[in-house]
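Structures given as structure tokens follow.
Paired with chain B in one complex and with chain C in the other, chain A is shared by the two complexes that follow.
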Partner chain A sequence: MSKKSEKDNGKIHFTIDGQEVEAEEGWTVLDTARHYRIPIPTLCHHEAVKPSGACRLCVVEAKQGDWSKVVISCMYPPWEGVEIQTRSERVMNVRRWILEMLLAECPAAEEIRALAAEHGVLDTRFKVEDPEEQCLLCGLCVRVCEEVVGVRAISFGSRGVHKHIATPYMVPNQACIACGSCVTVCPTGAMEARLERVRGDIAERTGHGFAH
Partner chain B sequence: MKKKASAKVQSIKGATVGVFLCECGKRIDGKVDLARLRELLEDSPLVDHVEILPYSCERPGLSEIRERVAGKGLNRIVVAGCARRIMLKKFERELGDTGLEEGQIDMINLRDHIASVNDGAPEELALKASKVIQASAAGLKELTPSPKQKIQIDLPVMILGGGIATYSAAQELARAGIEVIMAVQTEDVEDEIRILHERYPGERSYHDRLMKIMTEIEESPLVKRISVGELDEVMGTVGNYTVTFSAEGNQPPRIYKAGTIIAALDGEMLNQGTDFGHDGKRVLCHTEMEEHIWLFGVPAHPVVFWVNDLEADQPDYAYLSARTAWNMATHIRDNNRNCDLKILYNEQINPPLNAQERARARRENIQWIPYDGNVRPTVQDGYITYDEPGSQIERELPWEQLVLSPRRHPGIEQLKVARILGLHVHGEEFLERNPQMVRPEQVGMEEKFLAGSARHPCDLRESLRQGQRAAHRTAEIMQQAKAGTLFAPRMVCSVDPEKCIGCGLCKEICDCGGVAPVEGKGGGIPRVVDPMTCTGGGTCAAACPYHALVLQNNTTTQREARVSVLARNLAENEVMGFGCRWGGAAAADNAGVRGIHYNARFHLLQVDCIGQLDATVMGRAFREGANGLLLLGCPPEECHHSYGLDHTWSRVLLVKKLLSLIGLERDRIALAHMDLNHPEQLARTVDRFVAMMDELGPVPKDREIQAKLNDLYETLRTPRVRWVLGASLRRPYETTYPTDQRNALAYDETLSDVLKEEFLRTRVFNFLKRESKVLHLNDIVGSIREEKQRVLNCLKDLSDEGMISRIYKDRVPYYTLQ
Partner chain C sequence: MARISTAEEWGHRLESVDALESYREQLLAERDPDRPTIIVCHGTGCRANGSPKVAEAFRAAIEAENLDAAVVPQIKTTGCHGFCSRGPLVIMEPSGIFYEKVKPDDAEEIVKTTLVEGKPVERLLYENPNTGEHVTHHEEIPFYKHQERIVMRHIGTIDPRDIRDSLASGAYKGLAKALSTMKPEQVVEEVTQSGLRGRGGAGFPTGRKWTTAIKAAERKQEPLYVVVNGDEGDPGAFMDRTLMEGDPHALLEGLILGAYAMGAHEGFIYVRAEYPLAIEHLNIAMDQARELGLLGEDILGSGFSFDVQINRGAGAFVCGESTALFTSIEGRAGEPRPKYVRSAEEGLWGKPTVLNNVETWCNVPLIIENGAEWYAGLGVPHSTGTKVFSLVGKVNNVGLVEVPMGMPLNDLIEKIGGGVPGQDHFKAVQTGGPSGGCLPWELRETPVDFDSLTRAGSMMGSGGMIVMDDRDCVVDVARYFLRFLEDESCGKCLPCRLGLQSMLQFLDAFSSGKGSVEDIEALKSLARAVQDGSLCALGGSAPNPVLTTIRYFAEEYEAHIRDGKCPAGVCKDLITYRIDPDVCTGCGACARSCPQQCITGEKKEPHTIDETQCIRCGMCMESCKFGAVVVE
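Here is the complex of A and B:
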């Protein structure tokens, strides 16, 4: 029978890479793609926390007729009849740019290097500030500490080109409960390298000595 | 057509377990054969429903799970996906409306504990996964969910301790519309300010602000002021405290009911003693100088302030003392333009002045004079000598009054109050510590109820701020309670009053303060757990000699079920272990994230704290067929709960002793320490332990060993063994609860003796039970193969206690079960 949107089952019918898919109200394009086992790369997305749209790697192209727009699939709500392309030229171009910039942002991150190589990006034209840096500023550590753990022990310091992951006064934070959630969600080894700056000396804090 | 599944198990009436397997993109699917895993689980009597989902945790997956829970009446689910530490909260939140409560959802980390770290064909990994998932299902089948406990707080907040933070706390609470009872030192606010310098010298600039706070409170109908004697005791739990102040003169003891308590405790300032020449007249400390100024006005003679905290071995407080010296010096200068004022300070300190203050110091001639800290200044008659930095020449400062830094101490009275409140007082250290690194939302978090300089030396402003913060956090909780949205966490301990004999072992070993004081000071009165303070570590429940204490929704019975199922399913060369959420399991999660490989023959079960493992759980593993058991906890004295890890050390040793009594190797059970930030260490540890078990070979599976393993398990349940174990659960050289190595050795010898006796007793009793016939001593000795006299003693004890019968035939004694 005709498969057009006359099917009144309360779902949203659209396509991803030509495949017909159905989504419930509230699902994002990424939710739907994953449900249908269509891979879309992500970096700052984690199932435990709300999406933040920081990395832009999950971009897809939303098209209808002549109109198209490059949007992030982790937050974009699909609508009836939209055509989503996960690997169009525009999309691949955006991803390559992002990965090239990330190679300059966090040159020491093996995971980024591998992801970039998969997209054909092997080196970067941008200036490398710190060749040892692994942090890509995805913010997952900050979000997990706030939303899952609830203590907000780490956050971003400064903004713009000087943005970095920081604790208040750059000293180990007493609010940190040393759960290691930040290390587990970090997509690279960046948090592992920084953890001591956040949790400090555990022995002092779990019962004896001063909690400083 | 699928094979007909065997009859399903329902250990707790109506417990139906659903298992959801996650593909997780290509992170699990492809590495673990999920189709095969599903088959294996469908055949298991422990699992009522299995399903594969692309992503269980995203909206589509959650939608499916909800439908399945409703459609199939599932009331326990296992999500075989990724890290429980990270994802469980989301599942609990999203699935809360299906009726699944905390404890009814378990997670197995297929991704980080198997798929990403083990080498092996997908079908092999599927087999491994099925063992661990079935163990989880078994645990869930034994779960009896506890009723949700709503916390009511209708009574006022009591602020006691007499610290100055009382006023800022009361103000904050009154502004939030909450009733307060303040226990103060004196009813007169003027007096309070008059004596403030005894605890906070040099803080005149804050007196006006403090006065405003005090006036606001005086006028508030919500704040009741009581002036009482010493604090005698505090009983009860959050929402229902009974606070007793001791009798004063001919007044009887006064008793108040409170909903929550805030302790405002100010530290004491003592003088430096003869060490620095203190005499109370010419050589003073800050508080005495303040008193002097109150009585006689500001001095006209030369005054030297010596910031001597580094020499007095309290280097952390130098900043505070220097600020106080400055405040007092500027006060004197404001009232006397000519007085010679100098502040002598160790050059290792930076004078704590901002630019304006430095300018003022120059302008008003308050000199800051540094000295070389390598040479200690000496107090002489009228002069103090010091070594000039740079030149190394010994110089002198003339003085007529020398004001030293105070020696800071938490205060004897304050420590007493802290002990009564159940805070952990270590010697005479300041009270600040952060033991509650588990549940930020609970009342037990220190910042919610402790404010003032007894916590850690601070200035008046900080003290007032701490009071305000404690009040603010308390107000939040009380407002939640009022709105009916304050519930106790579900995984907290609870006491069965029928079984509890009131020995207090739990209270002794628990550091979180969750075991509340009960009426009376003797035994025989069942303990009570405050669910708002208990952090759910469970070491108390693991120690209780009478199994009266349980960690609700996460019981020893559940853990024994998990360990049994896994042990029974393991192949001969496979090994099992437990990892705690903060140490072992966290390190394992991170090993998975980093893709660090280790031996696939190791099967990991997760617990919240390694200390919640009763020794019986360890014994049960061996009884059901484990060849080796590895416990992966946090580093020593770094347990996030109440030293559960350190208690585990003793429990492991107990099991080692029993293993050797059976004739098995002690090395088969081991404790290891993991730091979550060093996952590569976990790989080395696991590989080494598996290699050790390979060297030892599997435990012989003959009937004799099996019987002995059963006896081992039962011995771990006997109250006497648990009692003696409870007497000393720690290593002797620890810093928190140190003891003497020689005593520890003597105790351990006693423990070994008790264990031998109890083990033999259990063996004899169980032997008679199995044989269920009338036996002569020689038959018993022949089978048990122990020294005749020892067996005879056992038989005598057992029959004296009425557990077995002694029958005489032709005047020869025979023994049988009662």
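Here is the complex of A and C:
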């Protein structure tokens, strides 16, 4: 059980699905779960960039006594004695609805279809706008380009339901160094499909802003 | 004591609390309380109705009348009086005679009759719709009589563009008291003891938030910022706008007090750009306060320095959310981030930040001036003080009202609001703005306080209150609010961006008679996923209107789905307009108003509507004086 006062070297003791675990200082619930090989699905999480909390697939339920809250494991800092449930009814309800909605949002993404099937979601009741779409707007490409590559060649355009991955003025961006990091981190094939729109035709590129 | 300046030529720095008080006395001494004053409301509502022209007409009328120099009346333009549906409003002081819907042409008569002869102009007085009697003085009007105007006490009596008027009414008394007799921690303690809770929506105890931030700043050895949330975005809400426009010094004083209590030296007022008058008045107030030494370096010679700047928001609803507001001030796209570390500890630029709503800050000077005990005696135990509501929708008296916390919902709507036009009682009230909940008539005795509203599935929110009658369809209302929120979602997290869109697909189907009763259960399940899964409070509270309307009006949802009927006659796919031949007089008014020109009939003979052409706009129903147009 939880050991409230026995903190050693900043280590935090709590449980995940009833299993006693120990987190190093600074670890999130997801870091701890991964350390103990407890599976939690994620889409917008990547070790290379800071977590953003966009996809919400990694939700877990944090409990203590009568108190309970659905939180995202990729950012939630565990605390001494908290009981984390990774597959509670509330958690699975959030995940299943997100996946069903993603089947309508990016029906061409095989990875999403597989993940949905794992959760028993095989079909969607919602309207499919574009059967070819693979992008779920997790933002990994935007974040890796800014945080790791440091050029900010891609960003989000518009907001809400109109949000999309875009370059400034919707034209290929000369700032792109064609490193392919965005393609690498993309959880689906979406970035590959729109790479040309970011990078443009490399043969046409002349010097400025372009690393040879 | 050295003479500072006369009331008319001001602009010297006040070097001490005593200097402020003697300046205040001087201002009061130079004022003649019996001087005739014509107060012309210059709130946004009355301005839109032409009040600047009314004030101009008064000036001309007074000049034409050539009144004795000894009784030269002054014309004062003030902030909003709250009774917006009756504007432009004019109040005659010192008599207190209240005129409504005043037009420029009325100015001459008012000057002649009231100013010269001392008699009221009967036709411009408020008429009590229940008794038919004229009411002469504003305090006798039911709309005002049942209010307890504390935060708004100066609004409508002072000229918000003149700090001398505010000072004469007691502005900065709380600040003077704190700087001369209280340590910063005593100010925090006073606010904590008062029980003040955040007026922006969630109702978080203000004193506790301040304490958290102070501790974080000490621990991290970092500066602390104080921020005003003036990003009022709820449709139909204008509490904060009115406070900023009508009494900007109350906000500044509250903010300076908070800064003094928490040791902050920099503050930000985040106001949406759609509130130009609020921004203008705040800028004037800040300039005048700086000039007198009430803001800036070494305030009132106390050694305490604090200054503030205005940040204009571009009008995104989500920027009312604390972390999105901070990213917006920082110059990035206004998107929220998870708050597992409170913004009191990590807020603006990652520094400890106290963000309070406009109304919350405006309460602070009152608490300091009158004491926590006095304040805690107002309202109910866990929701102390008063709350300002914007009362709109199907209610006779539309406007801004301030009442003690805990007043039953029905009192607010019946006594102050004057009830629902043409109906015995309301059908539902949406409290807390678009992401609040829809409460039915059966819950009319619900006390309006933080905890009671939350228990009923709604929330206090920032204080929007939209009254609905039998002609409002709850499915349509839920759709309306959800569409607003879908439009305002920043799109960062999936449950909000996709969830609101998907919930709308359910409601769209219901409003055209499609879907099944099982779909109602599916919608509830999705709504809970959106509540649980969303990143910020926008998505987290967005399902409230849907869930409360399903909870309290299940039969109305079922009527749409099972019977293909919209009982309120709103959902266009489910209604038809028909003219009752027994009632129709054949006057032709409907035919003239029909944009489709699909109503035909001979003069003085019953008319008919061609259903195949009808777009169900309802213009015919509006235009018919005999009630012959019915909706089925």
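Keep this in mind: the second predicted complex is superposed on the first by the 197 of 212 C-alpha atoms of A that agree within 3 Å, B and C clash if a C-alpha of one lies under 4 Å from a C-alpha of the other, contacts with A are read in each partner's own complex, and residues count from 1 in each chain.
The definition used in the following text is that contacts are C-beta pairs under 8 Å (C-beta built on N, C-alpha and C of every residue); 3 or more make two chains touch, one makes a residue touch a chain.
For clarity, every value in this text was computed on a predicted model and none was experimentally measured.
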item: Which of chain B and chain C A:Asn93 touches, first, second, both or neither; value: second
item: Partner chain in contact with A:Glu47 - chain B first, chain C second, else both or neither; value: first
item: Which superposed partner A:Pro77 touches (first chain B, second chain C, both, neither); value: second
item: Touched partner set for A:Met170, first chain B, second chain C, both or neither; value: neither
item: Contacts of A:Val128 with chain B and chain C, given as first, second, both or neither; value: neither
item: First (chain B), second (chain C), both or neither touched by A:Val151; value: first
item: Most chain A residues touched (candidates chain B, chain C); value: B
item: Partner chain(s) touched by A:Ala117 [first = chain B, second = chain C, both, neither]; value: neither
item: Shared chain A contacts, counted only where both chain B and chain C touch the same residue; value: none
item: Chain A - residues contacting chain C, complex; value: 52-57, 59, 70-72, 75-77, 90, 93-94, 96-98, 101-102, 104-105, 125-127, 136-137, 139, 156, 158-163
item: Interfacial residue positions of chain C with respect to chain A in the complex; value: 316, 333, 337-338, 340-341, 486-495, 497-499, 501-502, 505, 522, 525-526, 528-530, 532-535
item: Interfacial residue positions of chain A with respect to chain B in the complex; value: 23-24, 26-28, 31-32, 34-37, 39, 46-48, 144, 148-151, 174-175, 177-181, 183-186, 189, 192, 195-196, 202-203, 205-212
item: Chain A-touching residues of chain B, taken from the complex the two chains share; value: 23, 25-26, 54-55, 57-61, 63, 83, 85-87, 89-90, 316, 424, 426, 429-430, 432-435, 437-438, 440-441, 456, 511, 581-582, 586, 589-590, 593-594, 635, 637-640, 643, 676-677, 735-736
